[in-house]
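Each of the next two complexes has chain A plus one other chain: chain B in the first, chain C in the second.
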Partner chain A sequence: MINQEALKELLYKMADDQLILGHRNSEWTGFGPLLEEDIAFSSMAQDKVGQSQALYQLLYDLGESDPDTVAFMRNADQFHNSRLVELPNGEYDFSLVRHFLFDTAEALRFEMLTSSSYPPLAQLATKIKGELRYHTMHANIWIKQLGSATDESVSRLQHSLNELIPYALGIFEPSPHEDQIITEGIFQGEELLKDQWLDAVTQLISKTSLELPDITLINPVFGGRIGEHTMHLQPLLDEMSEVFKIDPTADW
Partner chain B sequence: MLTEAKVKEWLDEVKDPEIPVLSLVDLGVITNIDIQDEGIKVAMTPTFVGCPAIDYMKNDIVEVLKKHGVSEVEVDVNFEQSWNSNKITEKGRKALKNFGLAPPPKHDLIIDLDILEHIQCPNCGSTNTDLRSPFGPTACRSIHHCYDCKETFEQFKPL
Partner chain C sequence: MESLDPRVNRLQLSQRELTSKAPLDQLGTYEVFSQLRDGKPYFHVGPVHAPNREMAFLFAKEQFSRRQTCTGLFVVETRKIMVSRFTEGEDTVYNYIEDSVEAEEGQENSYELFHLKKRGKQHEHIGTIECTSAEEGLSLVKSEFINEKPIYNIWIVKTSDIEFNQEEDKIIWNTLPDKKFREALAYKAADKIKEFKERSL
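Take a look at the complex of A and B:
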């Protein structure tokens, strides 16, 4: 019998990450620096919001509220996303570096989850893993190109990388149920994921003119997983849920 | 006597709402057909998790089967048999190409840049093409350019 509390905690934080970053990605619609990037961030938004819905559906099957209620009716302190994903988009370099750092971790996370002891999660992970290939491919192409292009592109990416690394380490904030999650085979754990992520990030960055800050000297930005967020999350939620709160039956 | 083959034949009328030449059967998203005394249970799986066309497809399945006299139709969307683009039938691939969309190359389930770089142009057949963007007008399409006929084209992307 799987520890339900541990499983739910894991599902909530993954679903919330996907939903919030999906919403941030959607804010690029109409504002991309070129048409293809506008479409890319919009497409990734669609994928991520869809993936969050499928994860909320797994929670619904475990007795939680329905996906729309869970997505639209909670306040910021009830969300379990990492602070990384709620930060405003900033300029394109900032969004691009966040996309790279987050999706590298997410692709590895879902790869690991394909062997989860909870079959519905393993099945969904198999599906999501394939979609995330396109997200990491997109991030890697641009980081490689802009990370070795001009002085301006390199310095912009480097600046965003320095700013975002402490937040990215916050993705791996350990769960209070970390031991059960690992021993029950639900997920191999945040620490192992962090190691794999660091290898992948280091490898890609080494192909560019960028330098990865020494992460052993950095304090990760934790808190998001236990509902402690920056000032930026609540306004995002207010905007996202505006229509639903006026008319929960609205359809378009 | 109602058979699975017969139901599939009927379901061939249900097309992908965004690619109206491609049936759900040829797309490979119908994963099970369960014929019971009181009706039919159809299982399907989405191409992309966030595909907004899923609800339309569900409704179309119900409508078409009812038109053929099935009284009870239940459509269950699940991920038990995950979709990948290798599941698109040969007939489906031809339909895509005639529609102007490059069909996805068959693959070993690991997608990388190599298999996306020189997709065959659906207009002139050339492979002197390159990938312009892994994301297109819908979640399942990418954008490519052909250096021979100078056309930009879309691909139903491999997954």
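Take a look at the complex of A and C:
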């Protein structure tokens, strides 16, 4: 019998990460640096929302509220996303670097989850492999391109990288159920994921003129997983749920 | 260079007397070809703007294959496509291809051949030719097509100029099917408007 509390905690933080980043990235729709990229970035944002919906559905099957209620009716302190994903958009370099740092971790996480002891999660992880492959392909190609293009592009990316690395390390904030999650085979754990993520990020960055800050000297920004967020999350939630809250019973 | 996006402030990095001339603030175009099902031919689906082949592929994937099935995609820089004249009616474009063209010095290369079978439709991938030049390639296949249904335009491209998807990346087209919120149709707006009108009568 799988530890339900541990499983739900894992599902909530993954789903919340995707929903919030999906919403943030969708704010670029109509403002992308070129039409083709606008379409690609918006489409990936929709993928993320779709993936979060699939995870909320797994939670619903475990007895939680329905996906729309869970997505739209909670306050910021009930969300378990990392602080990385709620930070407001700046210029495009910021969003690209966040996309790269987050999606690299996300793809590795779901790769590990394809062998989860909780079959519905393992099946979902297999199903979304294709979407995640495109997302990491997109991130890697952009970072490689701009990470060694001009002084301005390199300097912008480097600046965003320095700013975002402490937040990115916050993705791996350990769960209070870390031991059960690992011993029960639900997920191989945040620590192992972080190691794999660091290898992948280091490898890609080494193909560019960028320098990865020494992460052993950096304090990760934790708190998101236990509902402690920045001031930026609540306004995002208010905007995201505005229409839903006018009439939660409306049929879409 | 001033950005058109008011949120973008340019960094002023170079303070030197001489700087390199800025290129036009426009990217070149790449033509995109997609395959709807395994074993079916590739068809031209349209262009994307991109700084290089790799990024053209990236954009082409979302631009041209997010709303329908796709089993393969490739892109080629627009100016790398050699284009024949257009013909009409019963006049096949192969009437204007030389019967024989001398092979050029050097080794043979692969070229990809595309036919326009109907005006206003898309160019279809026909096959690969080993030859030393595009002109020689067309003369080599002329006999095969001259007496067939008329072809109205030909594109021919060196295979090495094409960016194909990697075999292992084909999974990018396996996407979650349950995303009806992406489609306007799923909102059944007409039904809802009708219902609303009836209620307000």
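FYI, the second predicted complex is superposed on the first by the 248 of 252 C-alpha atoms of A that agree within 3 Å, B and C clash if a C-alpha of one lies under 4 Å from a C-alpha of the other, contacts with A are read in each partner's own complex, and residues count from 1 in each chain.
As a working rule, contacts are C-beta pairs under 8 Å (C-beta built on N, C-alpha and C of every residue); 3 or more make two chains touch, one makes a residue touch a chain.
Here the structure is a predicted model, which is why all the values come from computation and not from measurement.
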Chain B and chain C placed together on chain A: clash or fit? clash
Based on the superposed arrangement, let me know which partner A:Leu19 touches: chain B (first), chain C (second), both, or neither?
neither
After lining up the shared chain so the two structures overlap, which partner does A:Arg156 touch, if you call chain B first and chain C second: first, second, both or neither?
-> second
So, does A:Gln145 touch the first partner chain B, the second partner chain C, both, or neither?
second
*asked:* Going by the contact rule set out at the top, does A:Ile128 touch chain B (first), chain C (second), both, or neither?
replied: both
Practice item. Could you say whether A:Ala54 touches chain B, chain C, both of them, or neither, answering first, second, both or neither? Key: both
*asked:* One more residue to check, A:Ile165. First (chain B), second (chain C), both or neither?
replied: neither
* Which of chain B and chain C A:Val70 touches, first, second, both or neither -> neither
* For A:Met137, select first, second, both or neither according to whether it touches chain B, chain C, the two together, or no partner. => both
Report task. Considering only touches as defined above, state whether A:Ile39 meets chain B (first), chain C (second), both or neither. Result -> both
Larger residue footprint on chain A, choosing between chain B and chain C, goes to C
Superposed model, chain C vs chain B, clash-positive stretch out of 7-15, 43-51 or 133-141 is 43-51
Check: chain A residues flagged as touching chain B and also chain C 36, 39-40, 43-44, 46-47, 49-51, 53-54, 127-128, 130-131, 133-134, 137-138, 141
Residue set of chain B touching chain A in the complex reads 45-46, 48-52, 78-80, 82-84, 109, 111-113, 132-137, 139, 143, 157, 159
In the complex, the residues of chain C that touch chain A are 5, 7-11, 13-14, 27, 48-52, 54-55, 58-59, 61-63, 66, 169, 171-176, 178-179, 181-182, 187
Chain A residues touching chain C in their complex are 31, 33-37, 39-40, 43-44, 46-47, 49-51, 53-54, 91-92, 127-131, 133-134, 137-138, 141-142, 145, 151-152, 155-156, 252
Interface with chain B, chain A side, in the complex: residues 36, 39-40, 42-44, 46-51, 53-54, 120, 123-124, 126-128, 130-131, 133-134, 137-138, 141
